[in-house]
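Here chain A shows up in two complexes: once beside chain B, once beside chain C.
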Partner chain A sequence: MFRTVSQRYPTGFRLVATVVLCAVALAITFVLTPLDDSKLAGGAAMSIVILGLSWLIGWSGQVSLGNAGFMAIGAYTTAIWANHHTTSPIIWSLFLSTVLGGVSGFVLALPATRLRGPYLAGMTLAFSFAVAPLAIDSRSLTGGSGGLFINFLNSPSWFANLFSGSDALVKANAQWPADVAIVVAAVAFFFMANLFRSRTGRALRLVRDNEVAAELVGVNLQRTRTLAFVISAAYAGLGGSMMTLLSGSVTPQTYGLTLSILLLTLMVLGGIGTLSGAVIGGLIYSYSDNIVSIVNKVTGVNPTSTFGANLKGIVFGVLLILTMMLAPRGLVGLGSYLRRLVRR
Partner chain B sequence: MTSPTGALTLSVENVSVHFGGLYALSDVSFDVAANEIVGLIGPNGAGKTTAFNVVCGFLRPQSGTVRFPHLGRSDLRPHQLAHAGIARTLQGVGLFERLSVLENVMAGAQSRPGGGVLWGALGLPRSSRGERLLRAEALSNLERLGVAGYAASLPGEIPYGIAKKVAVARALMVQPSLLLLDEPASGLDENELEEFARVIIELGTTTSVLLVEHNMDFVMPLVHRLVVLNFGQVIAAGSPEEISHDETVLAAYLGVDE
Partner chain C sequence: MGTFLASRVMTDIFGGLATGAVVALIALSLVIIWQSTHVLNFAQGAMGMFATFVGMNLVFHGLNYWLCLLLSVVTGMVLGGVTERVLIRPLYGKPEINPIVVMIGFLGVIEAVIASIWTTNITMLPSPFSQIYYQSAGHTILVSPFIFYEVALVAIVVIAIALLFRRTNLGLQMRAAALAPEVSRLLGVRVGRLLTLGWILSTGVGTLAAVVVSTGQVLAPTNMDGIFVSAFIAAAVGGLESPLGAIIAGLAIGLTEQFILDFWSTSIAPLSGVIVLVIGLSLRPQGLFTKHVSRRV
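Let's look at the complex of A and B:
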């Protein structure tokens, strides 16, 4: 009768599932065009950030409009580190960015976890606003408004040798970053899948659902809320680091409020608080330009007009409203809803 | 008045709480001994809930102490209670609405060691084995209360009487030496009341119980001792038999419209 809750997948299953799904994703990158490879790479990086946000909002019930700021911390950390240690393997960049993202999350959590609802949103919003000006002003460290550039994540020769033909190097250099991003995302998703099923994951949901009862079963509210922030920020830092590695640059304008809101939108579209929702959110990000160009074609809007230039925001806004109205649990929720309909 | 024999699990000593000039509790003292079921009763507004909140650490008294003699500790904060083996149920049911019944009960063991974030993220055997054991233990507690059949349901989907038992099952996960029940009888029908009384008596064989209650018919046959509050003061304490003949108590109850 209670099979569904009493037989949760063990860690071993999660590990195998992660490896299999990761392998499938890697295999797919072999048949994609170089352009699609780069899109997928961006989506993989974003899915990490979305997952971290989902953990914070969906599991701990704290809203953040500041996760783009944590991404900026990771993005700049990677750029600065990579410029000073050009031969250092990227794993160090990723690691440092994750840690510094988490540390900045801790610092913001000190005041933030004392706030609720709109006040918390307002505070993280202020953080989002502050990041770009801070980055522009700290010119000696961040390169000011021009940002920083690092070497592209070019394919190692053993990987390039897998390809032949005239475009071999182009393909290898597009696919290698995508594969790296996929592997990094897979590791991040594996850890999060474990956290979801751990006692820490439950502590977050207890605090979200009923503070008084949570305290009575021994949950330290302040500590749990802070932990949610730290992990969410660490994931944003890791995603930001990946973004710098993929684009070979970081500019302050990238990491403003707009990105924070985009993250929120993607998370809701995919489905709050789920692993697959974060994947879907990342994929939507990857192919958002395709979606917009389809809308362009269907509606006949001139993409160079003012309206056409703002079409992306409009399309996302409409999608967000429709999702909230029709499928509040996101596309993931919509999927399971349809499955139930079919079974009936 | 019979005084408790054996080791004390709770000792409330000269506790006073005032909100501004209003005294909610003045100089309140009472004890709960090991394996004793004590009822805290009194008319509306007598200070029962305030006293309960002081015991739980939700409220800090302006003077006085709440000691847990068997632990050698006093004045615990709410999140420390579970670690110390003290469980409290809430008025209403206080379940976590978006967690299944089984998870709600597992949540009762949140305070146990071995649930660190790093272990959890790495999914190490220690963490997942801990979760498996918790699951089994939660299920056996649900069975003990006869509500295991609802394990997969959400709290919103089950009858109120069942939800109250789930809340008790969750409290049992702490393996409490002291169980605090806040209005366990409220909202239950006759049959459920009788059953719930049996459950509490059974629990009283392994733990001390302090309960706050309105329903006299429910409390009287259940408890070993009663502590009666009125206007923030203890006006009587003793066996149900003694209390039912106590002039002051009768006056307090008759004098106040319920």
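Let's look at the complex of A and C:
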């Protein structure tokens, strides 16, 4: 839905569409349970990162496994800033993390954009591996392997007053972070929807499909690829910042290879290079534990056994492989395929 | 003080070369797969580790080390062949990112499968050779029998592979199949089979490396993660096309990381790999050891 909107209509329409969809999402959080609210909050944060990765892989054809590393940079920036400036509004944390994510993306892009395909994937993988040990070692800044803790994103009093009943505060404190995450995601999606239709977006697709043609029409390959990389890293930084705000903590172990693989899986499952694909990927992240427990029930695996504990990795890895081999355009692609089938 | 430093440097050189030898071996196995199918096998380390778990776990049940080693390598080979047939073959001719994504997914699956089948064993996998440094008249001679075993094993495998590709008919066919599949097919070479054989050979070598890495260590699913990254860097700096380049770069990276580990900091070592890769590829994007190849429009 989002994609057709962004293709056919001007910026003003995209703005209205974003506001309406965001309002609908916010309205939904009012009727959800506190548990669902916090799941949705994580999904919204994750969808920002997925969107950034989707932009990089889908639109510029650069496969990066480094976005978990950029998430870590955003996550730590937020934690360190929030601990030194406890009263500063979260918008500053989000802004700083996005900028630092982008800046570190720029540094990595200098060599990365010269590489193609497997070289790039391998280099960013190596970067992903390097982040956690660095974070563990810089103890004075990052709190070492124990990580850092910040205050929870508790609801302001005016928001809490909207609710009544015995567990009003519980509901308000669960919903407020979700609503913040949804608004932040809406801004990120709006920006990306415009980027998709922009000159840069078109140039990027041309660079992906035919470098020579792109150069002939005057596209600067290096600059375009670097810009794509920087924006993707900035989105990862923003998402990482949101993750820290939501969980109230950051640990180096969170941001390793497993997360990079999960990001890739969610993006491919949703649909590479689409806005709606990133939303679907975020929703799958929200309810990934539910999906795994369904698999648990169907297969009769004991969730507390060692096999059950690792089922998530197996299920999502298998889903990634199957999607890539059988339906590389993901659920979004499946949706448009079904639509065409119905119309015929 | 001078002698202390000298002995520390010597220890690092031997230790670095021993690590580098294993890195070189995995880098070589990556090059074999790359040459035959133009896929970078991101799951190479994990596949080797899976096979190591299958075979070497039996050591704890009283089986002979060498028998287990053989079993591991055979398991690795079977896994490699099946992977090529099932996961890679359908992807030939598809966009470059498809096999990359599939192999990354496979990496995730294998690590999760290993962790779900075998509970992490806290006992070390016993080594058939002593890991204690030789002593001579009160002086430590910085090399242990295990290091000799490590280096000798790697040398034998490298020489065997070089002979296979350079001296045998089969090796010639494999090179032909990789270089010009269509022409080879016309000349009667069973290209499909040879590509599978390339994978079988490569995962066999990768498994051997994984067994060596895990010997004298705790068997853990992620044993190979760091080493795989180093090996990838070595293969990439060497140019992915060049077996000799991969080996030289592997040894160099082993040495570099060992010195950084010892003289600077453990946490910088992974980052140093990235820096080596960046510098290497900036100097020659197509790798230090390959002839210049221009991409056609």
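Heads up, the rule we're going with is that the second predicted complex is superposed on the first by the 335 of 344 C-alpha atoms of A that agree within 3 Å, B and C clash if a C-alpha of one lies under 4 Å from a C-alpha of the other, contacts with A are read in each partner's own complex, and residues count from 1 in each chain.
Here is the rule we go by: a contact is a pair of C-beta atoms (placed from the backbone, for glycine too) under 8 Å apart; a residue touches a chain by one contact, two chains touch by 3 or more.
Just so it is clear, the structure is predicted and the values come from calculations on it, not from any experiment.
Contact with chain B, but none with chain C, is seen for A:T200 once the two complexes are overlaid on the shared chain.
With both structures placed on the common chain, the touch criterion links A:T11 to chain B but leaves chain C unconnected.
In the superposed model, A:L100 makes contact with neither chain B nor chain C.
In the superposition on chain A, A:F191 contacts chain B only, with no contact to chain C. Look at A:V212: by the touch rule set out above, it reaches both chain B and chain C. Of the two partner chains placed around the shared chain by superposition, chain C is the only one that A:V268 touches, whereas chain B remains out of contact.
Shared-chain residue A:L221: touches chain B; no touch with chain C. Once both structures are placed on chain A, chain A residues 212 are touched by chain B and, in the other complex, by chain C. Residues 57, 61, 63, 65, 111, 114-119, 121-123, 125-127, 129-130, 133-134, 136-138, 212, 257-258, 261, 264-265, 268, 306-314, 316-318, 320-321, 324-325, 328 of chain A are the ones touching chain C in the complex. Interface residues of chain B, counted against chain A in their complex, comprise 56, 58, 78-83, 87-88, 90, 94-100, 102-103, 106-111, 115-117, 119-125, 127-128, 130-132, 135, 139, 148-149, 151-152, 170, 173-174. Across the complex, chain A meets chain B through its residues 1-6, 8, 10-11, 14-15, 190-195, 197-203, 205-206, 208-210, 212-221, 227, 231. On chain C, the positions that touch chain A within their shared complex are 34, 39-40, 42, 87, 90-91, 94-98, 100-102, 104-109, 111-113, 115-117, 119, 225-226, 229, 232-233, 236, 240, 265-271, 273-274, 277-278, 281-282, 285, 297.
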